[in-house]
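Questions regarding the structure given below will be posed in turn.
The first chain written gets the first letter, and so on, giving A, B, C and D; residue counts start at 1 in each chain.
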Amino acid sequence: MLEVSNLTKCYNGRPVLEDVCCCVSPGQSMVVAGPNGCGKSTFLRLVAGLARPTAGEIRWELDGQVLAKGEVADHLGFVSPELGLYDHLTAREHLSFFADLWGLEQSRVDELLNFVQLAQYETLVGQYSSGMRQRVKLACALVHNPEILILDEPCSNLDQEGIVLVDRIIQQQLARGLVLLATNDAGEVARYKEVLLSLDEKAAGTD
Amino acid sequence: MRRLLALIKKDLTDEFRTRYAINSLLLFAVIALVMVSFATGMAGLSASLHAALLWIILFFSAMSGMGRSFAKEQEKNTAPALRLAAPPEIIFWGKLCFNTILMLALAVLVLLMYIFLLNPSIGNLPLLVLLVLLGSVCLAGASTILAAIVSMAANQGTLLPILSLPVLLPFFLVVINATQTAFQGAGFSQAAGSLLFLVSYAVVIITVSLLLFRHVWQD
Amino acid sequence: MLWKIMLGIYILIVTVAAFVYAPGAAGLGDLSRIIYFHVPLAWVGVLAYLVSMLNSIRYLKKPDRDFDFRAVFNAEVGLVFTILATVTGAIFARHTWGVYWNWDPRQTSIFILMLIYAAYFVLRSSISEEENRARLSAVYCIFAFISVPLLVFIIPRLYTTLHPDPIISSSGLEMNGQMLQVFFAALLGFTGIYAWIYSLQIRLYKISQRWEGQ
Amino acid sequence: MMSDLYIVLTVCMISWLGIFFYLLRLDRRIARWEKKVK
């Protein structure tokens, strides 16, 4: 489970997030919503441990054990438009690279390629459409079966089939752990908001 | 170990498909060599001049290519995924190995072309080769963490040589001096002190880099 | 306030003593008097760098803007003192060796110290985000420090130097008791100036912090 | 030769006094600011 208390992040002295508190239990999905520039992505980056908070605390707990800062990444899958791919590798090479980094078998690669319906493509990722790239990102985040899944605008660029895929991923994930989702799509918000974190009361994008 | 190999394999595959670093390194080295060769003509250069020229060419061509691997991760936004998937030490070793491989390949080629184009008289070839290879490792070792720093800053092109020079200068003083004696035909026993210095320099610089890298490798 | 005025008078006395009380060194004559200023300047330059490096380490351990500020202004102070030491050294070199600059190992060492400071500021100016700037420049400050001990201790042993060894007389500069007294008095005095500048900067920083708070 | 020495000495003393009074003035000004900020 995730407990966030009084989380604040400043860039060059200007606050992007101020005093955010929330709590998510295992099996729950949380939706982070709010207008552009309200700090959704920053919030997810902080929670994932990719950026350091200016103040406040983030506490991850898994099976009753508190995760140390360095351990969080081992249990976490992260998908975000801010994340890039290697243009000159194929989808298969991406997955086997991450599988190697996590020390997993290559069978996992085929499994995932089939799951995101990319098995038949052997071209370089640089030539993919943005929807296919999004699928590669999803697959890369799922390689090590993380208990925590953080999705930043997961359905952007995806076709109907892809959106169904994301829904399946989220449902599977909820059986195993928890999901944090940042989105502005009203349908998705309604569908997944077991916990809703609204960041819109503070208009941070003032300048 | 498997993670390390995966990282190196990924970087090498990427490099072979784009050939960005290889091309810029090689072209830079060739241009520098040809210019030196034109400028000096057939005039017989002294051993000290040969040593200095060789290392100047190696330094600047290294600087033009070393920074790429980190800069690319940063530009293409692939760094965060790496941060999540592997501890910083592994990333550092991976990049270090990749840079070392690149640098060794470059050093061998530059040395061959240097001998071919400028025809220096070489007293002790094995020692010369050893010095160049050992020196390449030192160059790669020092510039890896600096390349990571530079990848997060603006005006990347000029920053890497500026940052590396102060760190590398003690190394250059020693290696140029030793290379000169190698051209003149000194034995291994004479160069033992310098070789020892180079090895310990590489060890110290890589150890310190390992300690500091976790602070560089975060956003 | 009292110790500051005393420091002023103290340095004045040391200056007079350097020119009048201490005899000129054998062989070098009156020119040797420059060491009472040159060596302390270089000493403060190195000391400031050391303090800057230590504050960089503290910053990495605990990211507090205070430490970053200390590291920066120590680098600034160090740069000024290092440039002054280089200039005074070049004057000395001109009169004893005939040229201002000849890449003597000692000159190379101080030159590299200047390069590190310069590179440090170039790096800072090219990172816009405050936290990143503080962290990365702290890493560079520590990393570049490796070459300082290497240069100061190892290189002069590999190469013959013309630079007079400051205290142990091996290459021409014999110091007698009076000279040593003035020499150490000058070292103390310049360290005092450094401490003064240090405290001024810290106070100035605290004022600006409180100003922002209001 | 002797007079040269005194010229250099005078220059050194004057420049030190300049730096000294500059620092002293800065010190006083900072002290004033400190009072104001409190």
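The working rule: a contact is a pair of C-beta atoms (placed from the backbone, for glycine too) under 8 Å apart; a residue touches a chain by one contact, two chains touch by 3 or more.
The structure presented is a predicted model; accordingly, all values stated were derived computationally and were not measured.
Averaging the CA coordinates per chain and comparing them to the mean over all protein CA atoms picks out B as nearest. Between the Cα centres of subunit A and subunit B there is a gap of 38 Å. Subunit C has its Cα centroid 32 Å from the Cα centroid of subunit B.
We define each chain's centre as the mean of its Cα atoms; on that basis subunit B and subunit D are separated by 48 Å.
With centres defined as mean CA coordinates, subunit D is found 61 Å away from subunit A. Residues of subunit C found to touch two or more other chains are 128.
Residues of subunit A in contact with two or more other chains: 52. Contact between chains, using the touch rule, shows up for A-B, A-C, B-C, C-D. Per the touch definition, subunit C reaches subunit A in the complex via residues 63, 128-131.
The part of subunit C that touches subunit D in the complex is made up of residues 1, 4-5, 8, 11-12, 15-16, 19-20, 30, 37, 193, 196-197, 200, 203-204, 206-207, 210-211, 214. Within the complex formed with subunit C, the subunit A residues making contact are 11-13, 52. Here subunit D touches subunit C in the complex through residues 1, 4-6, 8-9, 12-13, 16-17, 20, 23-24, 26-27, 30, 33-34, 37-38, going by the rule given at the top.
Interface residues of subunit B, counted against subunit C in their complex, comprise 145-146, 149, 152-155, 159, 162-163, 165-170, 173-174, 177, 193, 197, 201, 204-205, 208-209, 212, 215-216, 218-219.
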